[in-house]
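Some structures to go through are shown next.
Below are two complexes that have subunit A in common, paired first with subunit B and then with subunit C.
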Partner chain A sequence: MRSGLSFTRLLAVARKEAIHFLRDRRSLGLAFGLPAAMVLAFGWIISFDIRFIPMAVFDQDRTQASRSLVDAFTASSYFVVTDRLERYGDAEPLLNRGAVRLVLVIPPRFQARLSSGGPAPVQALVDGGDANTAIIAMTYARGIVAAYSTRALLGARRVAPRVGAETRIWYNERLKSSHMIVPGLIAVVMMIIAALLTSLTVAREWDRGTMEQLAATPVHPAEVIVGKLLPYLVVGLIDVLVIGFIGDAVFRVPFRGNFLFFIGASFFFLIGSLSLGILISAAVRSQMLAVQVAMISTFLPSLLLSGFMFDIANMPKVLQAISLVVPARYFITAVRGIMLKGVGPDVLWPHGLGMILFGTVGLALAVRAFRKELR
Partner chain B sequence: MSLAVSVRDLTRRFGDFTAVDRVTFDVEEGEIFGFLGPNGAGKTTTIRMLIGLLAPSSGTGAVAGFDVLTETEAIKHSIGYMSQLFSLYADLTVDENVQFFAGLYGVRGERLKRRRREVLEMAGLAEHGRRITGDLPLGWKQRLALGTAVLHEPPLLFLDEPTSGVDPISRRAFWDLIYGLAAGGTTVFVSTHYMEEAEYCHRLALMNRGRIIALDRPAALRETMTEPLLCITAEHGPAIAQALQGAPLVLEAAMFGRDVHVMVEDAAAAREYLPALLEGKGLPIRAIEEIRPSLEDVFVALVHREGGAVLG
Partner chain C sequence: MSGDRRTGAPAHRSTGEPAYRRTRFSFARAFEMVRKETRQLFRNPMMVRMMFGPPLIQLLVFGYAVNTDIRNTRTFILDQDHTAASRGLADGLTASGYFVVTGRGERAADVTRALDHGDATIGIVIPHGFAADLACGTGARVQVLVDGTSANSANVAQGYVGLIVQRLGQQLGAAGERGSGGAGVDLRARAWFNPDLRSAVYNVPAVAGMIIMLMGLSLTAMAVVREREVGTLEQLMVSPLQPSELIVGKTLPPVIVATADLVLVTTVAIFWFDVPLRGSILILATGSLFFLLCAIGLGLLISALANTQQEAFMSMFFFFMPMIILSGFMFPVANMPVAFQWVSLANPVRHYLEVVRGVFLKGAGIEALWKQMAVLAVMGTGLLWFAVLRFHKTSR
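Moving on to the complex of A and B:
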């Protein structure tokens, strides 16, 4: 009696699963349309770069000095002056309505204080309702004012500062958020493929009653799981390349590292996340439930707790702890390292090992969860 | 003669409910063995235990020489199975379904070519290999399901209500296929709730409420019924069946299609007495005559003798 694994049976399952996938328009759209749409949406619309922040100016000095400070704000292109105020009291309603995010208040005798060499304070009122934008606006404003005061000092005294710190940002010289997003998106999209596509595969057999016939054959659980996984592994790798291509062609995201190492890490991460989807599918045996569980347990954590959207270091301790078991966290670090820093296995080997661990453990769990017995 | 199936006290419980209650029987090689009973009698549960889809709660047995408790995967190599509900892949073509199951049963190369041709010819689908399975009429789907179940030429075939929902002509054609397979030496284990189909079986187990209440050749089963049987043709069948329950001379009255079959103590006396009795209740009859019992009558009589009710 044959009892070992059979390549023929595995291929039969893979072939059948590929036909299901190719005949189903929704899964095709989900697999290829959604990743491309997400990359473009995140790259353009949900850009984390904030520009042209509306601001108001209350200039009580009305001198050349005060006007050139305002010019410094508008010249930066981070701000647009939309309102000029006559009274201090006008600032509040504007901020309340959200018409402006920042109000610059220049006190009287601003120019006189500057020329006398004394401190010349200005006030910036920031709408803290959107904390993220507020912090960014504050940071920009501080930088602009600091640059202005340096210029003012230099202009007044005509001496060069002895010490000057010149900042250079590595890996993402222009601080473009698309450079951070595209590598992260590769991980998130893979999770979507796992969560939405493979979570349906086993549950669909239960829902449609085809499992009974399948379970009555001599097929081994490992043959079913690996067979079901193979077509989606191909789909996932194609998606990785498509996202990488869009990143390069549209957003000019650099690729500095080793391509083979990148594909290797993607391969194992994909096996892990696909297995997770199948594991859920095999455990809950209903398509509806499988999709919901997959969304909550794999897709959302990789979107929110992986460092893709929010910096893990700034999270509450509890969430930081949870993020330790989110595989996407390690994968995102690895991909950013490979793409932006050009580092290889010598630095990223723990992440590579983590991916291999995730892939093998996920696969083993999925095979174990698959039962050929009816309930 | 060796045994294709041999089980002793096979039982399956779902919580407090006993779906199959200590069934014991043997199926000989080359036989067409029928399982007859109403829906919910435990036929499907029994078959699922035999083919390794469901673990028995207790009892022992062997199928194709392998233990039903411990060697379920070995059993799966030696049998073909067609489940009650159509369970091939509706979005695959006929050919793709055949190829998939051929792959799972390790049918390859020249053998696959030969078997695919034979099976599609047998199912009358030779011209329809490229059609999407879901678009086929139900009778065709059933023939395809039978075809995929015998792709690997299993010595033992389990068919769970293979003809349910299919029109009578397709049913007849399907049974011709079963006879053909049996003639080729395949042992066929088939369940049905169509009494007329049961007549086609070599031996028959009558099942009710999880238990086998009789097991024999169809002719022998009919002979076990010694009470005379009358058939009443009338306008208000259900009302008559109701009115005759517990009436003098009447043992059991049940609807059969649009007629009422009445099991009585004495045929002659009942033919005199019953028309008058019914006339008196405002239920005139068209005809009353003595008939030869069918398997369904036997079934009703056996359930009556046990003092139980027919489920379903």
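Moving on to the complex of A and C:
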């Protein structure tokens, strides 16, 4: 019954799927609108550079030294002094309400201790409720105090600093969050969109009972899978370009590398994630379940275990091992490398190879799962 | 049960308003609907696993993976000086616990290579003559190269390097002179509510918010649309079942599942992650109930508007993503542009997270949380009411 693979039949399936997709206006709008909206939202909203953290000061010393320490905090523009306390007890309600994130306590005799050359401790009370902001606020505070301390000591002795650290940021010179987020977002958004689009298409045939019809036709499983993939591959590639364009036009993310290499990596990554969607829907057969599985297996890992926002090196060993099979991890490294570092295949070839592997293995597994289903 | 159903008059399409519209809300029929829905939901063993497995996985991943504290930053050291002083500086960096040396080199090209390949996030260049400069007191310099592609780590790591280098400089310099090691201002930080500054304590309770929203939203949204897509909604419509009974039947099982998930997540948070529960469980439960109403209402609204499951799912995602981003779940609301801070006021997830974190971490009482609770109550009932209205309209 089944002859070899036929390109005509493959195209017929692709056409049918494209018509199906184009007819559903709302899904169509979402397939193009969602990635754009997500990039804009993420790019504008997510910011790791925290500024103007509200703080309170409890200055028990009231000397020139204590005042200039407070000035050092405000001058940094990382902190804004919103309250000046009279009693230590006032600190607690302020932190409780979340009105301030940090309370700087300067004890009496601060100036005297500092000028005598002994240790002069000051205390910082931090709202640890939000550990992320607290850590960043504490780091800023430490830096400000350390700089102040050096200045105070050197001012007394009039010598140059012993060791100066001269920092240079590479690839993202102004440390803009959007430059770091947009390349990573291409991977996260495409993973979700791709898996979603395809996971529903096969499950829908099951839900509506048209799968048996499809099975009765002389179409080869590989033709069905590739045919179903093609329209979505086009959608996905357009989405990638749209995201890239927004990154360039709105957020001014530089593109320093090879465009062709970028498209190649996206191509294989999309094939992999689209196949993953088909694999899911072939396995669970219901749209409702397919949606749930797709969310869990694509959204969460590509957001959290890919190095998109959180450094993989800081994770426990088990999660680091799991992250090795998260395709978004390789794609994000590749895209960041291409866009920000401007490095080419000579550096990124392992990641490119990972993409090709993900794409071909995913496609092969999808065809196999589908063939099994039909029998 | 079946007898009950037959007591309703059959629908007469030709005579306009069908007879069953006039019958009153029947608890027996609603209960049967709930039973049917629950059975349908739990019939698929895979579905049962999906209801309780993923929340647990999410909890574990968020508890362990999301960590903004920078430890073990991969560092490449380029020591062109080869003296005791330069080695002391490198040792000092690793001893701090923030940096792990993953490579050492001699030539400038080595550090470029390490950063290009992503083998290291930070490169420290100790130039030739470092020890000599230090000794003669003209001031020695080291160069710190930071990979800015992961801005978050870069930001924090950069701060730590500066600090450590400065402190080491003081120590190295002081060794030659009189022992003034303890001089200078010393900042002693103390974190409240979360003394060890564990990210998990902050993140894990918030996962509850995400899971309730996801479960309530997806189960409700898909349940009705599925009937419409498969064509069984018309059958339900011509049965004596009233729309209100249908709604109860469709929403109660998701409510039960979401509640079970909430209990599961809270238990794991308290006993596995040692998240302190400092406030009252009653406030947490009431807040969760109001929040659940929001999720169900939104789910119902989507299902009233969507024609296919694919459409419902895409719309769900369209709501869900911004709600999570604008909730303060991972990115503090206070850091967002002011316009988005205003927008986030319309986001139930934001208010719920304030309740959850307040109750868990700060032990906040109703006097601190009444505003959020009131907003959630109004939003929940409002959304549900609106959804039911829309639902009546579309199902006719």
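As a working rule, the second predicted complex is superposed on the first by the 350 of 375 C-alpha atoms of A that agree within 3 Å, B and C clash if a C-alpha of one lies under 4 Å from a C-alpha of the other, contacts with A are read in each partner's own complex, and residues count from 1 in each chain.
Here, contacts are C-beta pairs under 8 Å (C-beta built on N, C-alpha and C of every residue); 3 or more make two chains touch, one makes a residue touch a chain.
If you're wondering where the values come from, they're calculated on a predicted model, not measured in any experiment.
> Between subunit B and subunit C, whom does A:L241 touch in the aligned arrangement: first, second, both, or neither?
In the superposition, A:L241 contacts neither subunit B nor subunit C.
> So, does A:R208 touch the first partner subunit B, the second partner subunit C, both, or neither?
Both partners, subunit B and subunit C.
> Could you say whether A:K16 touches subunit B, subunit C, both of them, or neither, answering first, second, both or neither?
A:K16 sits against subunit B, while subunit C stays out of touch.
> So in the superposed three-chain picture, is A:D24 touching just subunit B, just subunit C, both, or none of them (first/second/both/neither)?
In the superposition, A:D24 contacts both subunit B and subunit C.
> Is subunit A touched at more residues by subunit B or by subunit C?
Residues of subunit A touched, subunit B against subunit C: more for C.
> With both complexes overlaid on chain A, does A:T150 touch subunit B (first), subunit C (second), both or neither?
Only subunit C is touched by A:T150; subunit B is not.
> For A:P316 in the superposed arrangement: first (subunit B), second (subunit C), both or neither?
A:P316: touches subunit C, not subunit B.
> For A:L304, is the partner it touches subunit B (first), subunit C (second), both, or none of the two (neither)?
The answer is second: A:L304 touches subunit C but not subunit B.
> Just to be sure I read the superposition right, which of the two partners does A:W44 touch: subunit B = first, subunit C = second, or both, or neither?
Once the two structures are laid over each other on A, A:W44 reaches subunit C alone.
> Which subunit A residues lie in the overlap of the subunit B contact set and the subunit C contact set?
Touching subunit B in the first complex and subunit C in the second, residues 24, 208 of subunit A appear in both lists.
> Considering only the defined contacts, which subunit A positions touch subunit B in the complex?
1-3, 6, 8-9, 11-13, 15-16, 19-20, 23-24, 208-219, 372-374
> In their complex, what parts of subunit A are in touch with subunit C?
Residue list for subunit A touching subunit C: 24, 26-27, 30-31, 33-34, 37-38, 41-42, 44-50, 69, 95-97, 114, 117-136, 138-143, 145-150, 152-153, 159-173, 175-177, 179-180, 183, 192, 196, 200, 204, 207-208, 284, 286-289, 291-293, 295-296, 300, 304-305, 307, 309-311, 313-316, 318-319, 333, 336-337, 340-341, 343, 347.
> Help me check something: in the complex, which residues belonging to subunit C touch subunit A?
Of all residues in subunit C, those touching subunit A are 44, 46-47, 50, 54, 57-58, 61-62, 64-74, 89, 100, 115-118, 121, 134, 137-156, 158-163, 165-170, 172-173, 180, 182-195, 197-199, 201-202, 214, 218, 222-223, 226, 229-230, 306, 308-311, 313-315, 317-318, 321-322, 325-326, 330-332, 334-337, 340, 357, 361-362, 364, 368.
> Sort out for me which residues of subunit B touch subunit A in the complex.
Touch residues, subunit B against subunit A: 48, 51-55, 73-74, 76-77, 79, 81, 83, 85-92, 96, 99-106, 108, 145.
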